[in-house]
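Structures given as structure tokens follow.
Next come two complexes built around subunit A: one with subunit B, the other with subunit C.
On to the complex of A and B.
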């Protein structure tokens, strides 16, 4: 198994490396929104002194850390896998004795992320000098706790996206469904603004959804804003959501593969 | 007249193509409404925490959202589909047939594909602009509205010209598939007044990828922030960028030698 993973890594790394110019463009695309939100909210905070207790520096540090968490926890499985179900090229992978989604596509995503993080580091450093965030409250323990939290967030996000991607077994409109899912992330993950500034209703619902585990929770961990009880609660809900998303994915995948008859069959 | 006839037949062809995907049209419009809801909610969140954003009020940001959606519609309804077709035609050489037509090739390349359902988006954008101006109230004069319309058109022409230059570069570098991604990536900056951005970002979105010229600047005209000389300058920037784009396109065409040679 280890040998298989090693080989898959080599193949997928080479594939991603080939598209490195594309990757830089994607990276740019990802960076723009958080930087705009940062500019908007720091301008409001500077104008009014603070926004519900959030100072300009609170916003700067929030979005600077958000850029990192977004890099680690997001995935592109819908783009790298969805078409395989639709055009039938999945058939070749299904007869291999490894899970297409949980090995090959997963490693492909990790290769993509590794490469994009390499490209991201110098950009983040440049942004650091442009925005000059004050990270004096960040402690090593928060960063150490955030690493497993982000990995957990990545896997929950990956399994949920994979489940949605597998809906392509039934419908050709899987990209529209994914767009809707993307809007849910935007609303409940803390991507637009720190969750306490969202309407009360959104905050209440967000508590019961996994999306804040992608961004808001790891950001708060790094910034050292959580109490021990909140940290434990976050990890516990992460474990629960990992189980739920694994179950959902398996359910969709198993039924989908049973239903699958490739183009031409 | 000839051009109009061509445009209307392009439109008819595109309507026929899209009729094959009726359900998709409905789904797309629903998603579009969802994003509108999100945009209004996000403005609501911003304005529940402050009375002005960079000195701009709620109505002005609604109007800005309308102008942004105008540019966004141009991006989605014209720029994406035509660029895709263009890149393909450079790679496989079918550009040959486009050049052979007795019509301006730049016109043919940039208007032959239209995503028809986006007309809906266009209407929505205009509604947002009208509602925004109404919320702003008496402060706006007729002259302001006229300069706003002039500069919104100018801004659209600037973006169109930049697009022409970007795709014309494909004549020189055949494998330049990312030609419009930079435009698309920075588009989101048009949602908010560029005046709230840090200087370096403002410079980028004004001079390098001039999204702000098509969004923030027309709104500034609406607010009466621009002096007459500034209005004249922006108007001529639009004219000149179009002239330059036409030149670059012609030079690019000379460069083109088909896919096989």
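On to the complex of A and C.
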């Protein structure tokens, strides 16, 4: 299995390099919204002194860390895999003795992210000098905790996106379903607005959804804003969601493959 | 004795959405979609022994590819059973997938953006092929298909024929026991076609692999297969030896002639006129094979012929004629 992963990595890494210009465009597109939220919120906080207790530096540090977490936990599987189900190019992968979505597509996503993180580093440094966040409260322990949390967030997000992508076995409208799902992420992950600034109801709902595990939870870990109880609670809910998303993905995939029509050649 | 491939009452019905053209129909179909059942394969039965090479023939849309897709596990049937090497194909068990191959079309096993060599190494890992066995197989494939010069170019820069060679090689690296080949020689020039045929025969002889192949070229089938299965409108029409088949199918030839003032001659007294859309400059008539020499000399003597060709009618037409009556 290790050799398979190594070779899959080599192939996908080479492939991503072929598309590096495309990848840079993707990266810039991906960064636009969080940078806008960062700029808007800090300028509002600067004018008013704070927003519900959030100072300008709170916003700056929040969004600067969010940019990193977003790079690590997001995925593009809907774009790299959805069309294969629809146009029949999945056929070649389906008859190979490895799982198409849990091996090749997964490693393809990781290769994409690795390369895009390399492109992201200089942008982040530039933003750092532009917005000058004060990270004096960040501790190493927070960062060390955030790493497994982000990896967990990535896998939950990947499996949920993969489950939605596999809906392409039933419908050709799978992209709009994913857009809706993406809107939920935007709202409940703490990207649009840091969760504590949301109405109480939204915060309560967010507690029961997996989306805060993608951004809000690892951000708070890095910024050292969580109590021990909250940290344990976050990891526990991550493990539960990992199980749920694996179950959901398997359910959709197993039933979907039965409907596959292998169109085209 | 157990068979390598057993197919019983295998059926596949596709549900195809359909609607009329126009705005009204588009709106109506938004609320209530109509589906039409297309019976691609209907209750097909056959058994194939280990080591057989069987030609799978039929006109376009007859259900050949659908059957191959079910046997390789890509499609779930709507009815019936199939067993290959003791596995139910559509369960997609890794042990089954490692023991068979499906070569179909142009873009299956190779990633387009990278050289074929990288995809080959990936397949080596995926199929768990030991290094020495991989090297040996690659050497054999290279001797027959001349792969070396193609290995380092990105696959998208290869020609159709070159890509097909790489696809076939990629599909055989793991030395499968069962080969499903859908049009394995399509896009290849004559030398390429002959090479692939020789290779498949050799592979079959050496490994005892079972091969089921479809082809548009009668030559593929006559060169390789002793047994033919014909399927038409999703139903099995013939299963037997190739020599018996040629008795069943009246042997015809196609004579194509280019004439000055083509429309003013009545060709029906020489043979049955046939349409050929690909070559509109020529007029085509179909004659019995035994009459070819006689009719050709008659044509040359009586008509202002510029050019004349004698060919075999397309395999589809022959089958259409033999089994559609």
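Here is the rule we go by: the second predicted complex is superposed on the first by the 263 of 265 C-alpha atoms of A that agree within 3 Å, B and C clash if a C-alpha of one lies under 4 Å from a C-alpha of the other, contacts with A are read in each partner's own complex, and residues count from 1 in each chain.
Here is the rule we go by: a contact is a pair of C-beta atoms (placed from the backbone, for glycine too) under 8 Å apart; a residue touches a chain by one contact, two chains touch by 3 or more.
Fair warning: this is a prediction, and the values are worked out from it, not measured in the lab.
Asks: After superposition on the shared chain, which partner residues are touched by A:83: those of subunit B (first), subunit C (second), both, or neither?
Replies: In the superposition, A:83 contacts neither subunit B nor subunit C.
Asks: Contact-wise, after the overlay, does A:135 reach subunit B, subunit C, both or neither (first, second, both, neither)?
Replies: neither
Asks: Mind working out whether A:18 is in touch with subunit B, subunit C, both or neither, as first, second, both or neither?
Replies: second
Asks: Is A:193 in contact with subunit B, with subunit C, with both, or with neither (first, second, both, neither)?
Replies: The first partner, subunit B, only.
Asks: If you stack the two complexes on chain A, which partner ends up touching A:97: first (subunit B), second (subunit C), both, or neither?
Replies: second
Asks: Would you check which partner chain A:235 touches, where first means subunit B only, second means subunit C only, and both and neither mean what they say?
Replies: Once the two structures are laid over each other on A, A:235 reaches no partner at all.
Asks: Which partner does A:179 contact after superposing on A: first (subunit B), second (subunit C), both, neither?
Replies: In the superposition, A:179 touches subunit B alone.
Asks: Examine A:39 and indicate which partner it touches, taking first as subunit B and second as subunit C; both and neither are also allowed.
Replies: So A:39 only meets subunit B here.
Asks: Going by the contact rule at the top, pick out the subunit A residues touching subunit B in the complex.
Replies: 21-22, 25, 28-29, 32-33, 35-36, 39-40, 43-44, 47-48, 51-52, 130-131, 173, 176, 179-180, 183, 186-187, 192-193, 197-199
Asks: Quick check on the complex: what are the subunit A residues that touch subunit C?
Replies: Subunit A reaches subunit C through residues 3-4, 6-8, 10-11, 14-15, 18-19, 89, 91-92, 94-98, 257-262, 264-265.
Asks: Enumerate the contact residues on subunit C facing subunit A in the complex.
Replies: Checking each residue of subunit C against subunit A gives 14, 69, 72-76, 90, 92, 94-95, 97-98, 100-102, 104-109, 111, 113-114, 118-119, 121-127, 182.
Asks: What does subunit B use to touch subunit A in their complex?
Replies: So the residues of subunit B touching subunit A come out as 23-24, 27-28, 31, 34-35, 38, 41-42, 45-46, 49-50, 52-54, 177-178, 181-182, 184-186, 188-189, 191-192, 196-198, 200-201.
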